[in-house]
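Here the chain labels run A, B, C and D in written order, and each chain numbers its own residues starting at 1.
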Amino acid sequence: MTTSDLRLSARDLACERGGRLVFESLEFDVAAGEALVLTGPNGSGKSSLLRQIAGLLEIGRGQIELTGGDPERALGEQAHYLGHLDALKPSMSVLETIRFWALYLGGSAAAAQAALDDMALGDLADLPVAYLSAGQRRRLALARLAAVPRPLWLLDEPTVALDQASVGRLRAFMAAHLAGGGIIVAATHLDLGLGTAKSLRLGAEEMA
Amino acid sequence: MSRAFLALLLRDLRLAARLGGGGGMAVFFFLVVIAIVPLGVGPDRPLLASLAPGMLWVALLLAALLTLDRLFQADYEDGSLDLLSTGPLPLELVAVAKALAHWIVTGLPLVVSAPLLGVLLNLPSAAALPLTLAMLIGTPALSFLGSVGAALTVGIRRGGLLASLLVLPFYIPVLIFGVGAAAAASGGFEGEAGRQAFLLLGAVTLASFAVGPLAAAAALRANLR
Amino acid sequence: MAGMSSLSAAQRFHAYANPARFMALSSRLVAPLGMLSALVIAAGLWFALVASPPDYQQGETVRIMYVHVPSAWLAMFGYSVMAVASAVALIFRHPLADVAAKSAAPIGAAFTFLALVTGSLWGRPMWGTWWEWGDARLVSMLILLFLYLGYMALWATIEEPVRAARAAAVLALVGSINLPVIRYSVDWWNTLHQPASVFRMDGPTIASSMLLPLGLMALGFTVLFVTLLLVRMRAEIMRRRVRNLRLARAASGAGA
Amino acid sequence: MTDFLNMGGYAAFVWPAYGLTAAVIAGLVWQSIADYRAQTALAEKLEQLSGGRVRRAASSERDGEVQ
């Protein structure tokens, strides 16, 4: 799905939120098939970094670059951003939700149905989202990643509200994405068992 | 690109229809405001007739403002707004889709119900058509300019009230030309002032198509980024 | 659970009401009541349109009274059904009362709308305008329509039925207490502005020949109201059943 | 027959009044029945989908055993 010379790099990156310097002079390089795990205390800027990569947050100083991707599309359009909020509407059914996001983000309706089955949500398809549990809502949010193929995944605490079985399913899902030459940048406390993952500690150097 | 635009528009229309009957709330507000005017002003028919176009326009404006604050706030609160901006659609077109959905859900029902409510205010039947036409031309401006207020106050507590206060001054030209078009035109279209007012109203609406989305997108970027 | 009351509380609440008995009873009543209302209304129409004389003063327009007055009665009857059911719901916690109140509202609102429009049509030949602020009853009927629309809007916006029921019950009760006050204020407002038109809505004292069609139509409308109330209550009970089934389904789904 | 339809010159008011009453009542009857049928069908479909597992649970709590 992606060319092998895909590379996400950041040079001298700084982030300043509401007058507070969150982090500065950050550098990292992630090649195709690799994962970058962000660790560090809360408030150390993990979420801010992910939002900066996704283009949802202003980049004060430094720059982020995705080489080898699709030149016409912005970086944010080639990435899936999974934040703390699940972006789900209670009155819409599971199928309507995934079909909307697949259509909107450029995937196909067929892929949407397949994504539901991957996330074991197939038999809840016409249930309104209001009836779903937190875990099921999370899996519906993850199904969006399966429905629309995008090389870069930006995951903010993806395992929150997931039970053991779902975490196992998530690990396999992420491993498959990496095997397909994709890149993952994830902020998490849980060991995602990604073995070869590089790690980037935020916030620690400033404290010491 | 247009597929994403349509998908977003249809989703918003479906959501509006499911939650609180879409434009029903705005039309209900419009009906109540018009019904209490005579109770305040008195049942004197000629007085009501002279008040009718002005009151109908003011009530319509307030009704349009009513449903503005949820335009972006709903998507901001559940995280959809973040995802919408990672889609192929630039924020400007997201703002257009939202304003258009607001006009279809709220603007059109208000325009359709205006002549019926005119009966309560003893609106002369000759004035009903020009008034409705003027409202049809003017209401898109309410939605497109309104989307700027909604974008400016996204994420702010009690943003809805602030959005109305920010946007009401922008509505003044729509109100003045709208009432002018309705009142003058009721004496037949050949009235010079009537035609002028209609053209100016159309100009305001066209301008709002350009200014609205650009300003709304800039406001969203300023607020969220 | 996303915003839902805990599953067991909602189900126990409704289980206690044992809708099964009501569903069995109402399923036997709906068809006969429907037939009865059709017959009575047909008879009423016959007398209203054909077999009764025109009024010496109003001429044929008096026939509109045979639909206007029953609609107005049913509009008020509907609201009193809602108020009583809401009181029972709040005091005795009987959820079937909620279902009855919620089901009565749209029917009452429809009759209120009919009363308004037929009243306007009846008044038009006399007053020369479609709406007469001078007639206190017509104005109060309009305000009653607002109460109905507000009540239905409240139900439409609160998703969780138990909470919505309690809020709607309070609104209906407050509304019923306010109705006489509203009616009095509109009457007082009327005397303040001496209405131009001398014509009073009810016109001449009702001649005996008019009592039969009026009575038949009113009876027919009332039976129709009860029939529709039962049908809508059954639909509402099924709607809550669907909701519980969906909750159970999500709970039993993989990896809840 | 024609003067019956003419309603003493007030046909324009009497017939719309009766016509509208018939229309609103017919609409109300139709909507009530359609809503009932839709909800019943939905309930049956959900019961089949859950293979009766839910039916047993639901019927036991319906008889108040779940207190």
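Things to note:
FYI, a residue touches a chain if its C-beta (ideal position, glycine included) is under 8 Å from a C-beta of that chain, and two chains touch if they have at least 3 such contacts.
Computed from a prediction, not measured in an experiment: that's the story for all the values here.
Contact count check for C-D and A-C (C-beta pairs in contact): higher for C-D. Compare each chain's C-alpha centroid with the centroid of every protein C-alpha atom shown, and the nearest one belongs to B. Centre-to-centre spacing of chain A and chain D amounts to 48 Å, using the average Cα coordinate of each chain. Our note on geometry: chain C versus chain D, Cα centroid distance of 15 Å, whole angstroms. For the pair chain A and chain C, the distance between C-alpha centroids works out to 53 Å. Taking each chain's centre as the mean of its C-alpha atoms, chain B lies 32 Å from chain C.
Under the contact definition stated at the top, the residues of chain C that touch 2 or more other chains are 246, 249. With touch defined as above, residues shared between interfaces to two or more other chains in chain A number as follows: 123.
Counting partner chains per residue, chain B has residues 19 touching two or more of them.
Chains touching one another, given as pairs, are A-B, A-C, B-C, C-D. Taken together, the chain C residues at the contact with chain A in this complex read 1-4, 159, 246-247, 249-251, 253-256. Residues of chain C that touch chain B in their complex: 120, 129-131, 133-134, 139, 142-143, 146, 149-150, 153, 156-157, 186, 189, 193, 195-196. Residues 3-4, 7-8, 11, 14-15, 18-19, 77-80, 82-89, 224-225 of chain B are the ones touching chain A in the complex.
Within the complex formed with chain C, the chain D residues making contact are 4, 7-10, 13-14, 16-18, 20-21, 24-25, 27-29, 32-33, 35-36, 39-40, 42-43, 46-47, 49-50, 53-54, 57-58, 61-64, 66-67.
The part of chain A that touches chain C in the complex is made up of residues 90, 120-121, 123-124, 127-137, 139, 163, 165-166.
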